[in-house]
Amino acid sequence: MSERSHLRNFLLLWLGLTVVLEVVVVVILGHDIPPGSMTNDTRAQHDVIVTLTAIALPVLAMVWTYLAYAAVNFRASADGPLEDGAPDRGNARLQIAWVAVTACMVLGLAAYGSIDLLSGAGSSGVGSGEGPNPLAKPANAGKALQVQVIAQQWVWTFRYPAYGGVETPMLEIPVGTDVEFHVTSLDVVHSFWAIELGVKADAVPGADNVAFVTADRTGSFQVRCNELCGLWHGHMNTTGHVVGASVFKQWIGGQESKYAGVTKQLPPYSTTYYPQPIRNG
Amino acid sequence: MRGRLLGVIASFGLLVGVVVVYFIFILEEAPPGVAASVHGTTAQLTLQTDASYGHAPYPDWVTYEARDPSGHWQHSTILKIPAGTRYVHVTVYEYDTATGLRNPFFAYVRGTVGGVIQLNGRPMNYVDAASPAHTFTAPDLGLNVPLPGIDSSAKNQCAAAPCRTSEAHNTISFTFKTPKPGNYRFQCIVPCALGFLYGFGGPMQTIGYMDGMIEVA
Amino acid sequence: MSSTPGMALDHEPAETIPRNFAVGSKVLASAVAIFFMSFVFAFFYLRALNTAHSFREPHVNPPVGWGIAILACVLVSCAALEAGRRALANGPSTSWRVLGLVSWLVALAAVALQATEYYNLHFGATDGGLASVFFVFTMWFAVFWLGSVYWVETLWAQSLRRPSTADAEIGDTARLLRPGADAALTYMYMMGATGIVAFVLLYIVK
Amino acid sequence: MESASLPVSRPRSDSPPLGSLLGFNVVSATLLAILAYYFGHKIGAVIGHHTVWNTSSDQDDDAVLIGMGFAILGWIAGLGFFNYPIGRIFGRPVALHEGNEGGAWRYLRLCTDHKVVALQYLVATLFFFFIAGLNAMFIRAELTSVHGTLFPAGNYLTLVGLHGTMMLMMMSAGVIGPLGNYLVPILIGTRRMAFPRIESLTMWLTVLAGFVLLSATLLGGFPTGWTGYAPLADEARSGIDAYLVSFGLIGISLVLVGLNIIVTVMTQRAPGMTWNRLPIVVWGFVTTSILAVLSAPVLAAALVMTISDRTIDSTLFVSSSGGSPLLWDELFWFFGHPEVYILALPGFGIVLEILPVFARKPLWGYKLAISGLFGVALMSFMVWQHHLFMSGINANLRPFYMFSTELISIPTGFIFLNGMGTMWRAKIRFTVPMLFCMAFFFNFLFGGLSGVFLSDVPADTLLHGSFFVMAHFHYTIMGGLVFALLGGIYYWLPKMTGLKLNEALAKAHFWTMFIFFNLTFFPLFVAGMLGMPRRVSSYNAALHNLNVFVSAMAFFLGLSMLLFLWNLVYSLVFKREPAEQNPWDSKGLEWQLPSPVPAYNFERIPTITSDPYGYGEPGAVPVADFGGVPAGASA
């Protein structure tokens, strides 16, 4: 077969496999790709992941097709004499084209991601820990409900500064409201991962790490520690709930009165806490 | 020839075996379980917390000890509770001095029957955040019990584990519902370990000292 | 040593070992420089973060006098070896032997001064970020400086010996003295530059 | 030149005489290291109690660390590494060779023959590789249950840490050590590495590092995984000292290996070995070396910072005293990301070196491949903050690191184009090395594409720190590097040992490994997306079946690796069938030499006349002119 027809066959096979993969993975299975659609964050992340998958599949298909095509068509005869392949050492035009295409893809991806991240309101980067001065925020970030996530070995507690700074071991957030998580730690590095909310932010001692979420519907979500933090790292989890606004009001009121005694003993609300190191002589 | 092959296989197998056995030996290392004594539908656990005069190989680590049904103190934090019981009643003899909580929230008693503990016979539902020497905290059960420390100027302080009740101590008792069969971790949440900048190393991260398992089966 | 194949094999080119010294010392110097750049990074990073407002506790004042003394020893040692290297152009002369010895003794003095400084400080490593960086940086500087102490000594000691007989593979090793000094100097200049940076950051900028 | 007079070096006898036990070798080194440890431990205990006020005997880091320091000195003194430096103090002249005599006994001590060092390296790194693999089996065993009931939680974390650290250490050293040290001098046409004694030192430091890390099991284990995050590492038990010291030793070893290779390639190329003719695998080792020299010192610095936090109570990582845990993150990942390319680049080189041989075609796009290697190497220093996307770094930085991370896929893509170009209209022979190379492309593709997902911040919000990441880097390191390494071993081991490997076993190993590798790790992408964080012993019950499946496949993967091990033992220890000089019909310089290569490599330094890729080219000349001595004549 001539070089040309090899090329044509390969391209056709690649195209075919790409179409099949795209249809199966993106069109049919695309909806089920995590992380679901509970919040604005998960929806945005889902869209990004599906987009990246759609871009990755042709690349996958190309290498697969190529390896299979080469294995079938470019093999030496099993017991014949040693034969040599076609002695070409490169093709400048093809190399330049390859560089150009990959560069375009990468630049496109980076532009897609960067514009998204830098777009401020409505960015899909709001669910990740952005440090004390978030760049990506929801539209009405000023009115967001603040929830402080305090990690320590190996429990989570949560403070609601708008409700008397009450601290509770439960996490509940109201549906349809912008929530601003302030994640910090009292000892080692943990990571706050609210899986179904699409929120992940490292809890670093002495640092404030902000992430946002707006839940679209009620339900429960898992919270897991996502950074190795010692003995019970794998067990450092809890379940949170997204509830209706009135349920939330009622619940937080209950927490306030239940923990009133201990709230008085807490240090004043702050974005970071500096527990003094214990030094025994 | 055949002998040599067998020799090669045998020495190969021996090497692999030694390595595997070593790791299993090291990894399975855990303290023995201590069974609760059962009175009717209540399982009774009796524990003590000791300051830094405990057990080899880490004699100056703070530690729990548990009393087995025959009345002997065991150096263990693997607590076995029969699934048939309805309540677990825990008595802790606390022989350590106070360190104070890093997060005062854990001065609040949670998860016990009635939401209280008996501190030397007095019911409490929270304590002063500076007073705990340890806590008995099982996050998966929602259980948190602060264990106030003894006065550091107390006279007859314990000096060798296991401590005796004639020595200065606080007695904390509480009851919680027997959870579903399973294994539940418990830990101490006071940064009480001796000698660490961060207070949470060593015994605080070692099963058999300040961490353990409640095994309901 | 005797597995050198001997006369049957052709020698490797005479310039190979000098070039190895030259390239190797540069690579080594850059690796060590990067090691110290990590401490420079730590200094600026912690200074910028200033967590709990305790990067620099009020009583953490590294004594400038000590810093100047140590740095001066380091630089004088470099300068003496540089002069000695020039003197080596005509083979191991007396002036090389004197300058090499001076370089070595002054290099040792730097380490001794550093050790003495630790005993005369009014703060410890626990006292905040600056104190921590100070101890780590100066301590490891001293450790790596001991490398130059050793290096200068070997050069000096080698030059005291009679010219050795030719090795089958590498030829007369006396000709390696000068490349050896060049290589040592590459490393020591890097250490000198690091010393200056350390002095400026830890004693002056703070 | 009368080649008959060569005095070299048939090993005198294969079994070491008992008298050799006395002297500088691994036996004396072990004894001395253990004695020195106890001595140092005693000193450290005294120092610790008198000058460090908050260190109590339960956390005797001073004693442990000083003990380990002494043990290191004892080990290298016992191996005889101090003989020459001490001689230099007394002005002894420069010398190149040491310990090259003594038959099989050479393999147990300081030896400056690069081929001996390479085999030492291979055995040592494979030994630790299999121990780390065994740990992986235990990890998978623990994960067959939702709540991890097989091992106590702390021991499980130690397992995870041992597996990760050991694999990272041994894979960093495990390619550039054996294959780098073996191939670089031969392929560039010289007889030795630039600094043969340092070469041997790196090997023995690697061995010591492995055993020091294993000693963590006797010191209470360590909870930090291979990333050693502060301040968890500050507060951990003494086992972490073993992690710090062993990783530090590997860091030093990496710098020295890199230095040695860079210098060797720069100064000792044979006449005619222009940069344009340098085999691509050497380029792979050179770029790896550059990365090692520039990044490992940062690791060393981060490690000594943790050590000083643990001993002299500095507060570099303690945020309540003017330090910051993020300092560790920054320094560690500034090393850590180039480190993963230290793992990847030699694999690229090996694969591109082997492909032309079995495709019977010249390497397609030689210069593109070199620019790919250098592009990856240089860019790898600009991407490390993607490990910190979730840790609250300044959000303005994230687009840049997203961009640079995606950018690095361009030079990585070059390697794919080279591979695909080389296979185009080739005459492929499906030998075992070739199968591993093709599998490399298959696996590394998943690794690379999943990396793009991780570089994108919103996608990373889901995937960061989850099993997705774990699957991603296992696809790049195991699917990429380990496959390439195994291909390289099957390809070069006959040359290194002069013995054939059993092909049927090798094929069985390849197919089982390829299948079970993919069945093990592909489902873990899914586990990560469904919410399973790394390094947990307890996970969501909904993921139970998936994990049981993965564990089962992992056990088969382990069995497949045993096939490899058995092949080595069977072929090299039992069967011992001599290998041909050039079984693959390769044009490579190493294959023009006898198997095994004699101690002096070349009777005369050859003049290189061509690159080794001229397959099928009408005017192709042999790769080198051996100066009239027929290749392999003196075997």
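First chain written, first letter: the chains are A, B, C and D, and each begins at residue 1.
Assume a residue touches a chain if its C-beta (ideal position, glycine included) is under 8 Å from a C-beta of that chain, and two chains touch if they have at least 3 such contacts.
The shown structure was predicted, so the numbers you read here are calculated from the model rather than taken from an experiment.
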item	value
Chain D and chain B - chains in contact with each	A
Reference chain D; chain at largest CA-centroid distance	B
Chains most often in contact, by C-beta pairs	A-D
Separation of mean Cα positions, chain B and chain A [Å, integer]	37
Centre-to-centre distance between chain D and chain C (centres being mean Cα positions), rounded to whole Å	30
Approximate Å spacing (C-alpha centroids) for the pair chain A, chain D	31
Centre-to-centre distance between chain C and chain B (centres being mean Cα positions), rounded to whole Å	53
Per-residue multi-chain contacts in chain C, two or more chains	51-52
Touching two or more other chains - residues of chain D	54, 56, 153-154, 156, 223, 231, 235-236, 309, 313, 315, 318-321, 324, 326
Residue list for chain A, restricted to those that touch at least two other chains	187-188, 206, 230-232, 235, 274-275, 277, 279-280
In contact (per the touch rule at the top): chain pairs	A-B, A-C, A-D, B-D, C-D
Residue ranges of chain D in contact with chain A within the complex	53-54, 56, 148, 153-154, 156-157, 160, 223-225, 227, 229-232, 235-236, 315, 318-321, 324-326, 329, 359-368, 388-396, 398-399, 402-403, 406-407, 409-410, 413-414, 416-417, 420-421, 423-430, 438, 441-442, 445-446, 449, 452-453, 455-462, 464-466, 529-531, 533-540, 585, 613-618
Chain C contact footprint on chain D (complex, rising order)	1-3, 5-9, 85, 88-98, 100-101, 113, 190-191, 194-195, 255, 258-259, 262-263, 266-268, 293-298, 300-302, 304-305, 308-309, 312-316, 319-324, 326-327, 330-331, 599-600, 603-605
Chain B contact footprint on chain D (complex, rising order)	54-59, 131, 134-135, 138, 147, 149, 151-156, 158-159, 217, 220, 223, 231, 234-237, 309, 313, 315, 318, 565-566, 569-570, 573-574
Partner chain D, residues of chain C touching it in the complex	1-10, 12, 16-17, 19-20, 23-24, 27-28, 30-32, 34-39, 41-42, 45-46, 49-52, 54-57, 124-133, 135-136, 139-140, 150, 153-154, 157-161, 164, 167, 169-170, 173-174, 176, 180
Touching residues on chain A, where the partner in the complex is chain B	150, 152-155, 157, 167, 169, 186-188, 230-232, 235-236, 238, 259, 261-262, 265-267, 275, 277-280
